[in-house]
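Each of the next two complexes has subunit A plus one other chain: subunit B in the first, subunit C in the second.
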Partner chain A sequence: MTSVEFLAWVRGPMFQIAVAIFVVGVVIRLIEIFALGRKADLSKPRGGETMPGIKTIVRRSIPDPGTFKRSPFTIVLGYLFHIGLFITILFFVPHIELFHDVLGLQWPGLPTPLVDAVAIISIFAMLAILANRLRNPVLRFLSNGEDYLVWAATLLPLVTGYFAFHRMLFPYQTMLGLHILSVEILLILFPFTKLMHFFTSFIARWYNGAAFGRRGVQS
Partner chain B sequence: MGSALEQNLRAITIADRLRAEGISRRGFLKFCASTASLMALSPAMVPAIARALENARRPSVIWLSFQECTGCTESLTRSHSPSIENLILEQVSLDYHHTLQAASGEAAELAREMAMQENQGKYLLVVDGSIPVKDGGVYSTIAGITNVDMLNEVAAGAAAIIAVGSCAAFGGIGHARPNPTGAMPVSEIVTDKPIVNVSGCPPIPTVITGVLAHFLTFNKLPELDELGRPLTFFGQSIHDRCYRRPFYDKGLFAESFDDEGARKGWCLYRLGCKGPATYNACATTKWNQGTSFPIEAGHPCLGCAEPDFWDMGSFYRALSIPTEDTTRTLVYGVGTGAVLGAAAAAMARSRKSKAKALHYKVSVSDLEESS
Partner chain C sequence: MSSSEDRAVNAFREQIDGPIASYLSSCVHCGLCAHACLFYTETEDPRYTPINKVEPLRRVWKSEYTFFGKLASMLGLAKKVTDDLLKEWEPLIYDACTLCGRCSMVCPVGNDISYMIRKTREGMVAAGYAPDGLKGATQRAVTIGSPMGVKFPALQVQIHNVEKETGLRVPVDVHGADYMALLSSMEIMNFPEYIGALVKIFDKAGVSWTLCSEAFEATNSGMQIGSSDLEGELLQRVVDGAESLGVKYVISPECGHAYYALRWEGPNVLGKKYPFQVIHILELLDQLRLKGKLKVEDKVDEKLTFHDPCQIVRKGGVVEEPRSLLSLVASDFVEMEDAGVMNWCCGAGGGVSANERAQPLKLAAFKRKKSQLEALGVGTMVTACANCRINMEEGLEENNMQIEVIGLTETLADHLA
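So, the complex of A and B:
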């Protein structure tokens, strides 16, 4: 397979396969979660559900002082790489072209040097996260193979994308092909791993907030 | 053919011809120097190139045109006004070329056969156009001979083959989906001869003369990339040498052909430029005697020097956009996921209600009785 054939394959059929697995998997899992069903709560509600739910989504995204003191590394690095990931995915102009094609939505991109800097920060944050995970005995004890797999699957698109943009390592077709392939691997792993937290963390926070809200607990 | 005149013509060297054309030695050496620099050779090689070219006898060239549009020939013969590059082309003894030869019919075929006999194992074979192989190759024939048969016959006695243009090099438009004629590039049919792919639709004339000059100077073909193209011309991408590159790096893009960005000459990536993934010398050698190249004229690069560029999605969609309809996959995916998800949920619920049905109430007295 030449580099051109490789690029044509990852831009063509492979991308569709990856998107299909991603969408079908995510939709199945979300419907399963929503259709679990809860017993009707017959008690008299002491408060609303919607607002406390939304409030909890926001509040649990902000670390409380105690948690921050206990694990500042996890929080700072986690924030850095998550924000970096969102910026590189959503505001790099070639990516916006992709979203425009698929979703029909378009938004202004950020200057490329800025995205480039953010990508580098994210890559280093992710490397530091791994170091922290391996260094801290509790974190290391809690980690299993899936955690490392998900870490690698998230880092690879960043690294290959950085190399492709800077035209390093391989001829551009190969490097761009590897970048797209790494994203496809991420999409395929997504529904079956902890990557689902992209959706489920919000569902869980809303559910908690709503349940407490109904019982009159201030969120 | 084979007459005294022909013998004399073959004995003429480039040096003789230069004198006859009234081109100064200074002009000739300038050409040798620019050829050396184009091919990334050391300046010390310039005298060697000059000596080799001066003394080179007319090599016999057979030019076979198969499934093609004659654009490659047009590019090579018409794009330059008479120049030293042309002289190199004139210097070769073009013994057979559909479009350019005066002879027709059987006389034309005879010229080919004689050139093959006289220069067995020594002639250069230039091919433009793809070769259809489906249904016994009937989709393109010359003098009743299928293209594939003619290629095999002529290639057998060739010293080397130059596949000119993206059709001969990679199959080109004939090879594009659904490829109704089973079009193939030269390299998939002839596997036992050195082949140089000079791709492009059409290819750059200077690249052809550069390859010929290299062959005449060193009596071998230049160093090639993984696609069989001369590295010196195809070693860098359009994007790497594009004068609009700083705008790409800064993130300044034209978003339509008539917006402010387009007028300011910003990067054409969003308008579908395939320059980042296209390896050719357009941005450096340029076209029409160095006047400009497509991007300079305000049009994105189509990627015509790369294999199957017709099948790489629209010319006007950015390189980062997948070639197939992702929106459709997304919609069908949501539909399929919803059905499967609903089925999974229904199964879970039925298991739950079955489990519930198996429950029965146990009182303290029941427990006492059983113990």
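So, the complex of A and C:
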């Protein structure tokens, strides 16, 4: 397979397979949750569920002061790479062109040097996250193969994208092909792993906020 | 699969619902919940990380409630619930968790972890994996009527003492009273001044109330051990008592878990709404305060603080009432760090106090309360849960700390105008 053939393959059939697995898989996972549902609560409520649920969805993006004080490293690194991924995925001009082709939606991008800097910060944050996971006793204890696999699958698109943009390591066509392939691996892993939290954490936060809200506490 | 494994898995299956599926799908193993749990912070043992405690429940969810987990099970790749696992997890689920709910407040993906641990206990107890002390308490509650083995004659003795002391009559089995008050065994045996306080306050405020000879025990070991069936059996006695007397309200005593079981879990465990309303004693006292029926003649001048019982405050929503009541009766009330819905547990709720095996761990966990108190330098701590109270008295004694622990209701009664 030449690098041109490889690029055509990751952009064509492989892309379609990955997106199909991602979409069908995520839909199955979400149906599994919603189909289980929740029994009606017969206790007399003290407060509402909807507003506290929505508030918890928003509030859990910001740590409470006590938690921040006890785990500043985990929290700062978590912010850095989440925001970094958000910016590099959604505001890099070539990515926006891809979204335009696939979804028909378009939005303004950020200057490429800025996205480039964000990518570097994100890569270093990801490396620090691995170090934190290996060093911190709680994280080391909790971590299993999936955690390391998902870490690698999240880092690869950043690194390959950076290399492709800077024409490093391999010829551009090959590197770009590898970059697209790494994203496809991420998409395929998505419904099988904790990457699902991208969707389910909003459901979880809502259920939590609603349960506490019913009892009159904003969680 | 052994029969106990089978019973555990069946019970876990019954517990799994949408919230649990969303929580278990969301965990990213960030470890932040560990730092919200006093069993981790005071021991630094990573096994006590809250989310780790739900592992038996997680395995059943993963292998039976997710499409991909089912595929893995078919290929023989799924991790199974075994007797060894249940045995290993029993101390994590019962000794190192008070169901305080603090982890549920901090999880960044929003997991209500204490909800899941409560549910995990259903499977543990179904399979017989629960601490002996808690099994004994539950058995006494079901057969005798109280986890401490207190029968009505013992309560009658205390009622007699209270009547002699106060010169007021304690109403028992009064049909058509507005309120039926419940007690915890701990109050009957160790803190009968609570009963005296109710009589004095209700007499002044003109509250129509009664005790019920058939249903006076509020604590619920069935909830603590995690058996909805036994929890329901104990709650049914309260419902029957309240219905036979035709009361409008049932008053939960200061005890935290009693309130949570009665107020929030009860109707769901019994599968029907109550024909009466449940009100916590602090809620009722605050209503009386607002109506001007609760007046004090003097205030406590000494610097004091308030320990928030988890099930009443964080998990029960009675947050402002104790503060309003304290400002009525205390001139120098100071809050602990993290007070209110983020307060730290006394270390012995959720059945831990009935579990002798957990004794050393419970005392280790008390270091958190100790440091909160040392930062304040108070001589008195008010609380509103007999179980918190007795545990903190023990912890203070163990640490040679000269702090008096008192109940909020009796503090108010002592200063009534």
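By definition in this document, the second predicted complex is superposed on the first by the 218 of 219 C-alpha atoms of A that agree within 3 Å, B and C clash if a C-alpha of one lies under 4 Å from a C-alpha of the other, contacts with A are read in each partner's own complex, and residues count from 1 in each chain.
In the analysis below, a contact is a pair of C-beta atoms (placed from the backbone, for glycine too) under 8 Å apart; a residue touches a chain by one contact, two chains touch by 3 or more.
Bear in mind the structure is a predicted one, so any value in this text is a computation, not a measurement.
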If subunit A is used to align the two complexes, do subunit B and subunit C fit next to each other or clash?
fit
Once the shared chain is lined up, is A:Asp147 touching subunit B (first), subunit C (second), both, or neither of them?
second
Quick check for you: in the superposed arrangement, does A:Ala117 touch first (subunit B), second (subunit C), both or neither?
neither
On the A-aligned overlay, A:Phe15 touches which partner chain: subunit B = first, subunit C = second, or both, or neither?
first
Touch check for A:Ile28: first (subunit B), second (subunit C), both, or neither?
both
In the superposed arrangement, does A:Gly37 touch subunit B (first), subunit C (second), both or neither?
both
Is A:Arg167 contacted by the first partner subunit B, the second partner subunit C, both or neither?
first
Once both structures are overlaid, what angle do subunit B and subunit C make about subunit A, taking C-alpha centres and a multiple of 10 degrees?
170
Going by the touch definition up top, name the partner, subunit B or subunit C, that contacts more of subunit A.
C
Report for A:Val58: first if it touches subunit B alone, second if subunit C alone, otherwise both or neither.
neither
Under the stated touch criterion, which partner chain does A:Leu134 make contact with: subunit B (first), subunit C (second), both, or neither?
neither
The superposition places the nearest Cα atoms of subunit B and subunit C at a distance, in Å, of 7
By the touch definition above, which subunit A residues appear in both interfaces, subunit B in one complex and subunit C in the other?
25, 28-29, 32, 35-37
Where on subunit A is subunit C touching in the complex?
25, 28-29, 32-39, 41-44, 46-47, 56-57, 60-61, 63-64, 66-67, 70-71, 74-75, 78, 136-144, 147, 191-192, 194, 196-197, 200-209, 211-212, 215-219
Flag every residue of subunit B that touches subunit A in the complex, lowest number first.
226-227, 237, 239-240, 248-251, 253, 269-270, 276-277, 279, 306-308, 311-313, 317-324, 326-327, 329-330, 332-334, 336-338, 340-342, 344-345, 348-349, 352
What does subunit C use to touch subunit A in their complex?
16-23, 25-32, 34-36, 40-41, 44, 46-47, 49, 51-52, 65-68, 104-112, 115, 263-268, 271-274, 277-278, 314-319, 338, 341-342
Subunit B partner, complex, touching residues on subunit A are 2-5, 7-8, 11-13, 15-16, 19-20, 22-32, 35-37, 93-95, 97-98, 101-104, 109-113, 115, 167, 171-173, 176
